[in-house]
Each structure stands twice: as structure tokens, then as C-alpha cells.
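By written order: A, B and C. Residues from 1 in each chain.
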Amino acid sequence: MRLRRLLLGLALLAPLHAQTTLTIATVNNGDMIVMQRLSKQFEQLHPDIHLDWIILEEKILREKTTTDAAMHGGQYDVVTIGPLEAPIWGRRGWLLSLEDKLSPAYDVNDLIQPVRDGASANGHLYALPFYAESSLTYYRKDLFAAAGLSMPAQPTYADIEHFAARLNDPAHDVYGICLRGKPGWGENMAYLTTVANTFGGRWFDPAWTPQLDSPQWHDAVTLYARLLQKYGPPGSSSNGFNENLTLFENGRCAMWIDATVAAGSLYNAAQSKVAATVGFAPAPIAVTPRGAQWLWFWALAIPSSSKHSAAALQFIQWATSKEYVQFVAHENGWAAIPPGTRESTYKLPEYLATAPFAQLTYRSIMAADPLHPTLQPVPYSGIQFVVIPSFPTIGNQVGQIIAAALVGNMTVDEALTKAQAATTRVLARTGKPQ
Amino acid sequence: MAASNKITRKLAMTAVAWLVALVIAFPALWLILTSFKSETEAISRVPHLFFTPTLTNYAAVQQQASYLHFAANSVIVSVGSTLFALLFAIPSAYTMAFAPTKSTRSTLLWMLSTKMMPPVGALVPVYLIFRDLSLLDTRTGLLLVDALANLPILIWMLYTFFKEVPREVLEAGRMDGAGPLRELWNLLLPLSLPGIVSTSLLAIILAWNEAFWSLTLTAAKAAPLTAFIASFSSPEGLFYAKLSAASTMAIAPILILGWLSQKQLVRGLTFGAVK
Amino acid sequence: MSRQRASRWLNTPAIVALFLWSIIPLVMTVWFTFRRYNLMEPDRVGFDGLANYRYLLSDPTLFQAVFNTVVLVGAVLAITIGLGTLLAILFDQEFFGRGIARVLVLAPFFIMPTVSALLWKNMMMHPDNGFLAFVFRSIGLKPIDWFAVAPLTSIIIIVSWQWLPFAFLTLLTAVQSLDSERKEAARMDGAGPIAMFRYIIWPHLGRAIAATTMIESIFLLGIFAEIYVTTSGGPGFASTNLSFLIYRYALMEYDIGGASVAALVAVVLANLLALFLMRSFARNLDT
């Protein structure tokens, strides 16, 4: 009796709302944090909806949202997912299909086609893209000029290595190149897969045999390890996107190959010390341009176990609308708008004028072809990942092994042998995808 | 002569001991210091010992992530789980201390053994059960788990305190015809209140710092400070000073509580073996 | 009704609660070891026989995790008890400001694990702008990338830092309870500091060390947050302990069957340790 009263009393301590509370799970990237800040406007427009934000690191976010979706936990009303999750979860019925629930003002046909395709399955749209990205080469125009170097219109990895060697200057706190080293399928493996792609490699052959012990992967990983070991900053093996962004913003990297969305931050003088001298070039290629630049987006989706789907629908439309783009431009400037999702964005003269990277971003996204990501034929889609349910497992394990090679715990060949074995093991356990 | 030797010895000891103490506490002190720096100072490769302190980090943390919400969760869960666990622990310790049987000793040892399993071993079943009972990301759920986790320690600690209560007082009460509950409530509790308070302090500290269940069973609504800090593990942009401010705010209450309850810490965590 | 029987029911709630808390998860875990159950494929659930066992026990990371766990526990015990004893003897001496110095030494124990881990990762061990890097550079050495080159050692350092105060406090309490008359008598007999330690202090500390070892082991087996927040078990699996391995299987690979087998291994290991420690502790138990 006392127990129940106690528990009841404790439960009543929870804040009382006469409104709907939406729990939004999102990743701790700059654009999302901006979304959180600007969402006060949404709350003002919809006084009956209160927003509860869960902002987490990408890896942790995925764990939480995936377990919740798979177990129908109902903890979240809006989840932030990418092109790996959207089709798989959609097909499984873990997400609400959206295309028939959107208001006409939303203009769903304005969504950029490759991005829209990535968020759909079986003709249904399962997530509204918030921002999309490809990959670029960022470089320091001032350092290049001082060394008498110039970045070609389409750099190759041979060029990149040459530049890195010339510009590496640890004595003055400048490193030749910064790259992702943090283990994870969406961290180091995302970048490394594009390198493998451009060297002509692939994850699986049409019979689903892993190809990690192929010469193409060997070349790719050897180059990657060499670049970071010789010309990279210390602590590379724990540097992900955010850490490298901080390094580049503080002038510590001569070059950085990573997501196009970094451009907005790098170009923002309030945040970046190198805003005036950052240059942009396409992602480097080696043997083939196929799969050299990746395609990723973060999209907002509604789990089917959500109890507040109507309110959630209103929110995700607000956050991915043309009006939101204008709102961000008004509050934070044109360079800060969430890019890559709408054709209309790339027709706005103000945006194109203030953001020199906009055209390159658009071109990179349009050039990314998730349905044909590699030189040789493959049974899967996805450029910097493989759209199969077991890829996170495979990618995480291989990512850890590669990180071990990066820090010198094993040779590249040992690592690739281990990676091959691990991938084969996982695939044997889960069975070959149909 | 002997006196001056003693003073020299004392001074030498002071120097050595303080050096050691400062080295050990240094990371914590550095954390607190950094919370008052600007971000550029915080990230600088050459550590700044002298700088102009600022409170902007504390303001920024509060603004970004509603620190009070997480702090409230920490308070509710740690205090709540302790109170809830006491409801079970006090009667249990009383019985075993004052009405021991042949099996009391093995019961106590068994209770201790339930604490030996690493929590991760129970992760999946607990997660699934919580999902089915809609306890995920609720303060009630986390509270229950923390209470169960701390129960053995509470029972043992109270057991040792109760055993110190002089039997004569209780004998006198029995002569007056007091039943067991009465004896417990009217006599024992007042006598052993200091022990109960210090036991509770220890339990609150353990629940506050508990990092496994709070990371896996909560998301936003019930997330305590441990989870709040974990969200800074790979953050956007410059963050060292803000992280330090958030961390300082998260650890401050427990540092104070801990300072107040040093003695109880030893007794409690060694299950009374060392007093 | 005898007093004893009347009051025994007071013990029932706690016993029932702890019984359920220990048995239900265990039974469910054993059940899951024989099932194929992956969270990402909830429709492919079914009886799987010993497949999970075969898969897990052929996983090289399992043995590495067990090894890492044993190393982690052993090293932290050795460091904390060793240094803790020295500190206890030091603080047993008279000196100025002893109370405040003691508070300083105790501080690390009260800092929550996630804060400790991030504190060490970003501000102490970061190879670029961490304090240790600064110290290394000042004496002309190249800074170490701690989490890359020595991940398990780094975790050991962090955890030892957290638990040193506990060992110190426990041992200090024991040292201070040593009868000062015996110490005086020994001193008068001409015992130097080393003899004092060996024949007077050390035997007295036996029980305290046993208790400390036991308690620390319980908690050290379940080290998780520090690894989660810093290395995620890597690079490779160099800093993966059993706890993290189970977590990885359950919530990163969504393999419930596999996670359950690993959990059983953890239970067996914990029980072995418990059996061993309880036998020695039970001897010391009687209050």
C-alpha cells in the first residue's frame, strides 16, 4: 500500500503537460542543433505540441533508435535515420509510410531524386530528408599557394599523397591530411569504402562472397593507412567527422576529405578560423570515378510504434520544408542552410551567390549513383555502405580491425585477412541476403 | 632536539603527502579549472594556469540541454531508489540481526552474491521486460533497477549497524510486550538513525553515479546526468570548456555528499568487514 | 507464536525481490541461448539448438574479451591495493592539513564514470592538447596516443584512478584501527619502518585487503561506461572486456542469441570469482 502510494507520488513528479510531447531523437551535428534551436518557432506555431530533444552521437543514436524500432518500444516519435535504415525499416513496417500523408504545400516532388530514392522502398516514401551530403576534398588555398601547388579540377589519390607530403608540417601544427579514423561502419568505413570503390574494389561479388582480400582493397587500405600514419594528426584513430571538423576549423589540416555538409561550418567565419582560405574540390579518384563520392542523408521518420504520429507528421514536414530553409537563411545566413534535399534550394540565387560550394555539392550528389556504386558488378546498392541488415555488424567489426591496422597493431594484410574472415562469419550466420 | 626532529618529520610528511594528494586530485581540479576558461584557452596545447575566469560555459550548457531536467532525474532516481530499497532493507536487516537462525549467515552471503553478477549479463532480459511493461525511459523503471542493485549493500550495511545496538534496550522493549514491528519502528529506528542516514547517503551516491543502466535503459525523459555527459563524447565543434562546466555541475553534489560520508563509505562497501 | 517466526516474514520481501532479480534474467538468458533471435529480424525467431554456442565459442573476440577482463581486474586490484596501502601508511602519519589532503585523495571515487572517462580522454590523454601530452613535450618526449597505442592500459589507468580512493580509505581505516600501543611497543623494541610494516601492519591489513579485493572485483567485472565512452572496445578488440562484448552483441549487432551465450560466460566467470572470494571472505565475516 505504501509502495503504491510511493510509486504514484514519484510518477506524479513527472512534469505535467496539457499538450502532446514529441520525443525527437537526432544526431549531434551542427544542422540538427540549429534545428533544435529554431524549433521554438514550431512550438509557437503549435502551442499544443511540446518538443523533447534527444541529441546523441551518431553511434549511440543508431543503437537507441534501432533497438527501439525493432522492439516497437515506442520511446521516440521522430527518429533521424539515413539511407541504410530507411529502406530496410520501411520494408519491415517499422516506419510509417509518408507519401500519402503530406500536405500539398510540402511539394514532395521538389525532393532531389537520388535522395528521395534512398528514403523509399517499394514505391513508398518512409522518411523526409533533412539534409543530404556527398563527399568533397577540402583544402587550404593559402597553404597551397605558399607551397606553389594548385589543386586540379579532379584530383587523384596520387595528387593527394603528393600534396600531403609537401604540406605536412607538424612543427607548425599543420598536418598534411586529416581523415576519419574512428571505427564504425558510418565513420571510418564510410570513407574507406569510397576509397576501395575508386580503386575498383567492392564489398561483395554477385555471389555474395566478400572481397576484402582483393588487391583493390589492399591498395585502398594501404594508401589510407600510409596517408594517416605519415601525414595525419595524432590521435587519428579516434577522429570522426566532428573531431576533424574542429581540427580543420582551427587550421590544423592542409586537406580533409569528408562530407559536403562541413562546407557550411568551414565557411562560417564565426566558427572557423580558415573561413577565408578554405577551398573545395571533388573527392579524389583513383582507377575509376565510380563510388568515389558518397551519398548520405539524414532524414526524419516516424516509427510505427509512436503514439503521437499526427503531431510528429506536422513536425517533420515543418523541419524539411522550403520555409524552414528560408528560416535558417534568415537566422544564420545562407551558408548554413540544410543542403542537398530540394531542387528549389539550388535555384535560389542568394544561396548560390553566398555559398561557393553549393554547385559542387549539388553536382557531387547528382553524380552519386547508389544503384551502381562500383566498377565491377555487385548484388547490392549503396555507395559507402551495403544496404543489407547485417552491414552495421560487418562494418563495425571491419572498422575496428582497420583501426587496429591504422595504429600499427597489425599489418594491412593481416587486417584484411581478419576482416575477410569476420565478414564471412557474419554472413554465414545471418545467411546471404535475398 | 627530539622536538625539532618531530617538526622536521612533520613538515617532510606534509610536503610528501600534499604532493601526492595534489597529483591524485589533479585531473579533477583541472576539470573544474577548465570550466571557467574560454574554449580557445581550454583547447590550447599549452595549458593555461592563469586566465580570466568566465561563467559563459555554465550558461551555455544550461541553455543547450536543459541541465535541470537531467539533474532532476538524477535526484529523483537516486533518492527514490534509496527510499524504496530501504522499505525492503530495514525489515530484512532487522530480522537477520535480531532473530538470527542457522540459515541467516548463508542468506546474507547469498544476498551478497546477487550483487556479483555484472549488470550487463541481465541487460537483454531486463530490456525486454521493461519494454513489455512500458518501463523503458521512465524514472520508475530506472529507480527499480537501481534499488534492486543496491539492495544487498543496504541490507548488509544496516545489518552491521543494527548489530551494534545494545540488546538491553530492545530487551526492555520486549518486556513491555512490543511486537516485532513496534520494536522496529519505535525503538530500533531512532537508535540507529545515524547508521540509516549514512547507509542512505552511500546508496544515493552509488545510484547517482550508476552508469550502466542509466545509459542503456533511458533516452530522454528519464535520462540522468550520467547519460547527459555521455552525449558529449563526440560533440560538435569546440567543447572542452562547456564539457568541463557540464561535468562539474554533474559531479558537484556527489563530491559534497561524499565528503560528508567518508566513514560510511568504507563500512558500507566492505559490508562491514572494515570499520 | 514465537518471536522468531513472527519476525521472519519481515525478511521475505527482500528475499523474494532479490530472488526474482537474480533468477528471472538468468533463466531468460539461458532460454535465449538456444534461440535464434536477432532484433533486426524479429520474424526469423525460432529454436536453434547449439548454433549460438558454436558461433560464440568460435569467436576469437570472446577469448580476448575474457583475457582482457582478467587483466583489467587484476591490474586495477594490484595498483589500487598496492598504492592504497602506501597511501594509507602515509596518511596515518601526522601532518598539516591532513583533513583537506584526504578530501583531495578521495575525490576521484565520487566522480561519475562517464565524467572520469571523458576527462581523461579529452583533457589528460589526448595526444595533441591533453595535459600528459604537454608534460611529455616539455621533457622532450613525443606524446603517446594513449587510446590507440595502449587502449587497455589507458582503461586500467582511468579505472585505477577511480578506485584508488576506495582502497586507500578502507586500508587507512584498518591501519588506524591498529592498536597504537602495539606500534609503540614495536618501536621501542627497535623496529625500523620496514620491519614495522612487515610484522605489524601487513598482517593486520589482511582482512581489509581481502574485503577490498572482493568488493573491487565485483565492480571491476562490470566495467562498461569507461570503455563505451572512450575506445568502444578498440582498436581492434584490444580494450573489449566481457561486459562490452555482451553489449556489442546485444545492442550493436542485435544478436540476442549470441549475447546470451556471452552473458552466460560472464555469469560463470563471476560465479567462479564469487566462490573463491566468498570462501576467504566468509572466514573473515564473523562480526
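We take it that contacts are C-beta pairs under 8 Å (C-beta built on N, C-alpha and C of every residue); 3 or more make two chains touch, one makes a residue touch a chain.
Bear in mind the structure is a predicted one, so any value in this text is a computation, not a measurement.
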Which of the chain pairs holds the record for C-beta pairs in contact? B-C
Farthest-lying chain, centroid of Cα atoms versus that of subunit B: A
How big is the gap, in whole Å, between where the Cα atoms of subunit A centre and where those of subunit C centre? 36
Centroid distance [mean C-alpha coordinates] between subunit B and subunit A, Å: 38
For subunit B and subunit C, what's the span in angstrom between their mean Cα positions? 16
Sites on subunit A at which at least two other chains make contact: 59, 67, 71
Where in subunit B do residues touch at least two different other chains? 43, 45, 87, 127-128, 230, 233
For subunit C, residues that touch 2 or more chains besides their own: 128, 251
Considering only the defined contacts, which subunit B positions touch subunit C in the complex? 10-11, 13-14, 16-18, 20-22, 24-25, 27-28, 30-31, 34, 43-47, 87-89, 91-92, 94-96, 98-99, 101, 105, 107, 109, 111-129, 148, 151-152, 155, 160, 163, 174, 179-181, 184, 205, 208-209, 211-212, 215-216, 225-227, 229-230, 232-233, 240, 243-244, 247, 250-251, 254-255, 257-259, 262-263, 265-266, 269-275
Note which residues of subunit C are touching subunit A in the complex, please. 38-42, 55, 59, 126-128, 143, 145, 147-149, 231-238, 248, 251-255
Would you tell me which residues of subunit A are touching subunit B in their complex? 2-3, 6-7, 10-11, 13-14, 23, 25, 28-30, 33, 52-60, 64, 67-68, 71-76, 173, 182, 240, 242-243, 245-246, 249-250, 265, 271
In the complex, subunit A residues that touch subunit C: 59, 63, 66-67, 70-71, 88, 183-184, 233-238, 389-390, 392-393, 396, 400-401, 403-404, 406-410, 425, 429-430
Note which residues of subunit C are touching subunit B in the complex, please. 3-4, 6-8, 10-11, 13-15, 17-18, 21-22, 24-26, 28-29, 32, 87, 90-91, 93-98, 101-115, 118-120, 122-124, 128-129, 131, 133-134, 161, 164-166, 169-170, 173-174, 177, 207-208, 210-212, 215, 218, 221-222, 224-225, 228-230, 242-244, 246-247, 250-251, 256, 259-260, 263, 266-267, 270-271, 273-274, 278, 281-282, 284-285, 287
